[in-house]
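Shown next, in structure tokens, is the structure this report addresses.
Letters A, B, C and D mark the chains in the order given here, with residues in each chain numbered from 1 onward.
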Amino acid sequence: MGKGRLEAFSDGVIAIIITIMVLELKVPHGADLAALMPLIPVVLSYVLSFVYVGIYWNNHHHMLHAASVIDGYVLWANLHLLFWLSLIPFATGWMGENHFEPVPVALYGLMLFMSSLAYLILERVLVSSNANNSPLVMAVGKDYKGPISSVLYLLAVPLSFVHVWLAFAVYLGVAILWFLPDRRIEKYLQR
Amino acid sequence: MGKGRLEAFSDGVIAIIITIMVLELKVPHGADLAALMPLIPVVLSYVLSFVYVGIYWNNHHHMLHAASVIDGYVLWANLHLLFWLSLIPFATGWMGENHFEPVPVALYGLMLFMSSLAYLILERVLVSSNANNSPLVMAVGKDYKGPISSVLYLLAVPLSFVHVWLAFAVYLGVAILWFLPDRRIEKYLQR
Amino acid sequence: MGKGRLEAFSDGVIAIIITIMVLELKVPHGADLAALMPLIPVVLSYVLSFVYVGIYWNNHHHMLHAASVIDGYVLWANLHLLFWLSLIPFATGWMGENHFEPVPVALYGLMLFMSSLAYLILERVLVSSNANNSPLVMAVGKDYKGPISSVLYLLAVPLSFVHVWLAFAVYLGVAILWFLPDRRIEKYLQR
Amino acid sequence: MGKGRLEAFSDGVIAIIITIMVLELKVPHGADLAALMPLIPVVLSYVLSFVYVGIYWNNHHHMLHAASVIDGYVLWANLHLLFWLSLIPFATGWMGENHFEPVPVALYGLMLFMSSLAYLILERVLVSSNANNSPLVMAVGKDYKGPISSVLYLLAVPLSFVHVWLAFAVYLGVAILWFLPDRRIEKYLQR
């Protein structure tokens, strides 16, 4: 099975996910700055989710670049990841619409957790289907950021009920962890 | 005519179909778990349809991979399949919105039947345009799951009026039939 | 400039156009067949427009396949065509929503006319940028269906006010003219 | 990292951005010409934004065509540009919905300014990652239209409050500056 079409399909789905989130930014009827105020939490949620989906696209790109064998298991593990990513616009919209209430913020964390779990599953499936591909096996073996992020997202779910900004600090922190180029992170972690 | 652009266009349309279904998951105004309850049937319908559209993409991918001649007949048979697939988000939304009432569940079955019929037509058209391509002819010749699924979907339409869960059992059963890797199914059927 | 990215971008836009039309099929609240009745004209408009956009994609595909030089003029002529095609979902929705009232049916014809005009302009621009490419020049030179269709669409605009079904007969007739494989049409016209 | 997937992803996002703007053209309930009247400012905003997004796609295409090294910095600079472009449909819809009131027109200018700034950043990042690629370095070095446009968009923000049509004249003028083939502009500027 060709890798090209899997990449093209994933690119299409991720491009649509990243863009339909903006549809939650409903055009207000008023024409003054006050009419934009209620949209501020919606925009902030959008920025966070845009960065997250961008991170997933970036990592997905790198991981598939290293892979060579694409079989039925890989295809379904990939669709499973796209399924959870496709729920991020809903969780984003709910969180923004309700100005960061605890339940929507917790659900957002749960969706990030499920997405990161689906990504780890895709990693394992790719490794077992590409067992002779040492660069991929090594790259996945060194992936310590993936499991750490999953644990942090899961932790953020109960934290949302302690204080919503604690959960938010986790989401922002993990995003920064992925956003910064790896070398700096690695140096920081080695210290 | 190039196969690449046909695949790219189909990927684009299928990626949009699979993603616009999530737009039916309307962001609720309440911020508690109770606000999510009415969405449960919508989410369940979405999961089922996501799996179905994923199966179609998967099979479409394999079938075109084996094809070599793409003529005007293939192009229109392909657009015909995309047309019926494009109605699945509507049938999914109607079924979820109405918490699995008989008529929407029957319509869902009818849409699955029409999609499967369109797929069988595309198979026949590809075979007649690629008559000298023995791998494709053999692959299509061995497709017993396609016609069986069509009959089962059609059967599910009246079953929806006997009991809605009978139709649902058919949809789930056929999805599992396609989802499981072929080898296991074949072994099971040989027993 | 690469032809690949122009084709990929056009495929993306056309795939979205063909799919967002289905969003006009709003999920009804009722769960019986009666709830679907008001949607019948919307579905009929959708079928017609799906076929039309499919025809444009098909022809666009063939024409660009023959082209070799893609310059700034071609790019803008192509965007101009995509602009008019992007208004077809609106005209389709308006016509379906209003059960084929004269003004929406006339506007639909006008949008088809503008799209066909944009297509003819793209043809001319491609020919002038690919003057040394005799297959393209010949293919465009033999395009008698394009200008005939344009004239018929324009004629359908006033016809909508005489009787709406006259305009509709034109839209259906032209779609069939394009839908049927060329050879049969040519034989029929030679008689 | 492959340039192909970056281009394909950007094409997908830009194709969706250009197409979802048309969703702001809500189908009116009335079936006469009067029902279309309130849509005229929405259509005009759509035309302007369609041209702007088309210009960005065109320039993006050319710039990436010249680039050879795509690293993490380029990827994020590109996502940053896509982020600001993704807000153009919102700004367009707000401006059209409110018939060109000062605040929405100013916000539209701000979004154009942020997009142009993001484009200039992408240019700089590409140059620093492709320092040995003299055609790209030269092409970017000669880009005087980019910074001029940014300054003009920023100027249009206060101008919206003096008179809305002054800001509009800037948006139209800059669009024409980019739309016309470069040679004519260069000749005009040399005089």
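Everything that follows uses one rule, which is that a contact is a pair of C-beta atoms (placed from the backbone, for glycine too) under 8 Å apart; a residue touches a chain by one contact, two chains touch by 3 or more.
Quantities reported herein were computed from a predicted structural model and do not represent experimental measurements.
Asks: Expressed in ° and rounded to a multiple of 5, what is the rotation angle of the C-alpha superposition of chain A on chain B?
Replies: That rotation is 90 degrees, given to the nearest 5.
Asks: At the chain A/chain D interface, shared numbers over all numbers used: above half (same) or below half (different)?
Replies: Looking at both copies, the contact residues mostly diverge.
Asks: Indicate the whole-number Å distance between the mean C-alpha point of chain C and the mean C-alpha point of chain D.
Replies: One centre to the other, that is 27 Å.
Asks: For chain A versus chain C, what separation do you get between their C-alpha means, in angstrom?
Replies: It comes to 38 Å between the two C-alpha centres.
Asks: Going by the contact rule already set, what residues in chain A reach two or more other chains?
Replies: 8, 12, 16, 20, 23
Asks: In their shared complex, at which residues does chain D touch chain A?
Replies: Within the complex, chain D touches chain A at residues 1-2, 5, 8-9, 12-13, 16-17, 20, 23-24, 72-73, 75-76, 79, 82-83, 86-87, 89-90, 93-94, 97-98, 101-104, 107.
Asks: Mind pulling up the chain A residues that touch chain D in the complex?
Replies: It is residues 7-8, 11-12, 14-16, 18-20, 22-23, 25, 27-33, 36, 47, 50, 54, 57-58, 61-62, 65, 179, 181 of chain A that touch chain D.
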